[in-house]
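Dropping a structure here in structure tokens format, bear with me for questions.
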Amino acid sequence: MIVDLALVGGILALALGVLVARQAFAAVALFIGYGLLLALAWGRLGLMDVALTEAAIGAGLSGVLLLAAARRLSAAPAQEDSPPGRVTRALIGAGCAILTCAVGAAVLLLPDAPPGLAAEVAANQRATALGNPVASVLMAFRGLDTLLESAVLVLAVICTVALAPDQGWAGPPGAPQPQADGPLALLARLLPPLGIVVAAHIFWIGVDAPGGKFQAAAILAAMWLLPWMAGIAPAPPIGTRALRITVAAGPALFIAVGLLGAMLTGAFLAWPSGFEKPLILIVEVALTLSIAAALALLVMGPRT
Amino acid sequence: MSSLLGVAAFAVLLTLLLGLVRVLRGPQAADRIAAAQLLGTTGIAALLLWGAAVGSATHTDLALTLAVLAPFATIAMVRKEPGE
Amino acid sequence: MSLLADAFTVFCVVAGIGFFAAGTAGLLRFPDTGSRLHALTKADHLGLGLIVLGLLPRAEALGGAFRLLAIWGLVLLASAATGPLLARIAQRRDPPA
Amino acid sequence: MTADVYGLLGAVLTGLGLFGMLVRTEPLLRILAFNLLGGGVFLVLGAIARRGAGAGFAADPVPQAIILTGIVVAFAATTIAVALLLRLAARKDDA
């Protein structure tokens, strides 16, 4: 309990620090610390799948994205709106305080035995042949959500690419990275093989324990971003067919298998019985690669 | 023994929270990023101790993920700028 | 035997916590960025190393021990690569932020 | 009990994030505040998941899966916002 209160205090301090920070750099550094503590908080709550995702995305990829953005903006700041007046500010504060109280009350007033779906998941989990209940939910019971989510990532990549200037938009994504020397170049060569092993491990244990495709994909994306940032592996042009196929293959395969399920069992995204585990694994591998490529492209940003 | 390890995890977490002060105060960007990196390492240590206390391998996996990805903020900070 | 292993674990973990506390104290108390980085890398390397060492006898099977060592190795590698660069930044174009 | 503490933290973060989004004027800080808001909402969902623990699980897996999906989608939204922001800043340079 003391541990939880200490952690909550730390998270609140960092969140307040982000909001009152004067420089963008400081705010981003605080935000990275916040992501890290949030991952620990998810661990305390016992939501280990979420903790892994937050560690990978919140503490890892976000840092790369936001620090690069802060750096670019410190050179060429963006237009700011005029700050709200004192009265508006007070009104906004009051509104947000009311919102906080309402959400807090909702948390405290939840019924003691909340109506959950845990029992139904437990009852039907054997059918999916996966030991990790969250993976069962993601791939079987709420497969449509997962499909839509991977589609959202593809859409996000398309949006980002579309923000590139008109001439030469099909070129490599992001700004061209200067070549690093010394320790960073060494790290960029040493870490990716190790990271890929870790990603494979996290993916594989995800079948029966917390872990799985999102977490593995975020690690893989980081392992692509590292040599890119060090300037030793320039990104391929957006127009490259292999890149486009990699990004789209996961969702496309998921839809194809879903249609197969519709033909065999009469329901879209239903897994034909007897082949659940191999089919789910194949789709998960394809989704992992697609999500990893999409996440990396998103962090690199549009061509500048 | 496991309760001892739990206490140890709590002690490490306390040093993590003290380190927050440096992230909050700065004054320089390098200070904040370096302190954030220390938060990562301390978090990893706390997770390892806590995982050993409750006998869970998942905590070790979480620490492993952090160990691979926590340095990325620092790397993004120290790399050469485009056009530098 | 298990008593000896437990004593080893306690000793290493306590020493590791000592290094973390020292590193944090240095991070808070030292006057300039350079010496703060120095304090921090000590905690990084030794504190985590001692805790990993202390937990090794308790690791389940070879896989658990391997994972513990991998974590330490990864942190060492990253810290060794970024430390000098961070120090260079601290000395050179240092935007107070 | 643990669930309540983090649920309340989620409520506070939701309010703080919304306040920051509306009051701060720097676009990057608004994006950060949006992420604080998102973290708050996820924590409230997480508290609900923890309270729904049962059937041998540490937490109800259905809200957990929704949070996972939410984190990834929120990250995608953040990257688009950052890309838009950088494009805006670059446009101002041209003009």
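By written order: A, B, C and D. Residues from 1 in each chain.
We adopt the following convention: a residue touches a chain if its C-beta (ideal position, glycine included) is under 8 Å from a C-beta of that chain, and two chains touch if they have at least 3 such contacts.
Bear in mind the structure is a predicted one, so any value in this text is a computation, not a measurement.
For subunit C, the chain with the farthest CA centroid is D. Across the assembly, the chain pair joined by the most C-beta contact pairs is A-D.
One inter-chain figure worth recording: subunit A and subunit B are separated by 20 Å, centre to centre, where each centre is the mean of the chain's CA atoms. Separation between the centroids of subunit A and subunit D, computed from CA atoms only, is 12 Å.
With each centre defined as the average position of its C-alpha atoms, the distance from subunit A to subunit C rounds to 28 Å.
The centroid of the Cα atoms in subunit C and the matching centroid in subunit D are 31 Å apart.
In subunit D, there is no position where the chain touches two or more neighbouring chains simultaneously.
For subunit B, residues touching at least two other chains, in rising order: 16, 26, 29, 32-33, 35, 57, 61, 64, 68, 70, 75, 77-79. The multi-chain contact residues of subunit A, meaning those touching 2 or more other chains, are 25-26, 29, 48, 61, 184, 187, 191, 194, 198. Contact between chains, per the stated criterion, is found for A-B, A-C, A-D, B-C. In the complex of the two chains, the subunit A residues touching subunit C come out as 23, 25-26, 29, 74, 182-184, 186-187, 190-191, 194, 198. Interface of subunit B with subunit A (complex): residues 10, 13-14, 16-17, 20, 23-24, 26, 29, 32-33, 35-36, 39-40, 43, 46-47, 50, 57-59, 61-62, 64-66, 68-70, 72-73, 75-84.
Remark: subunit C residues 70, 74, 77-78, 80-82, 84-85, 95, 97 touch subunit A in the complex.
Residues of subunit D that touch subunit A in their complex: 1-20, 22-29, 31-33, 35-36, 39-40, 42-44, 46-62, 64-69, 71-73, 75-80, 82-90, 92-93.
Touching subunit C in their complex are the following residues of subunit B: 1, 4-5, 8, 11-12, 15-16, 18-19, 21-22, 26-35, 37-38, 41-42, 44-45, 48-49, 52, 57, 60-61, 63-64, 67-68, 70-71, 74-75, 77-79.
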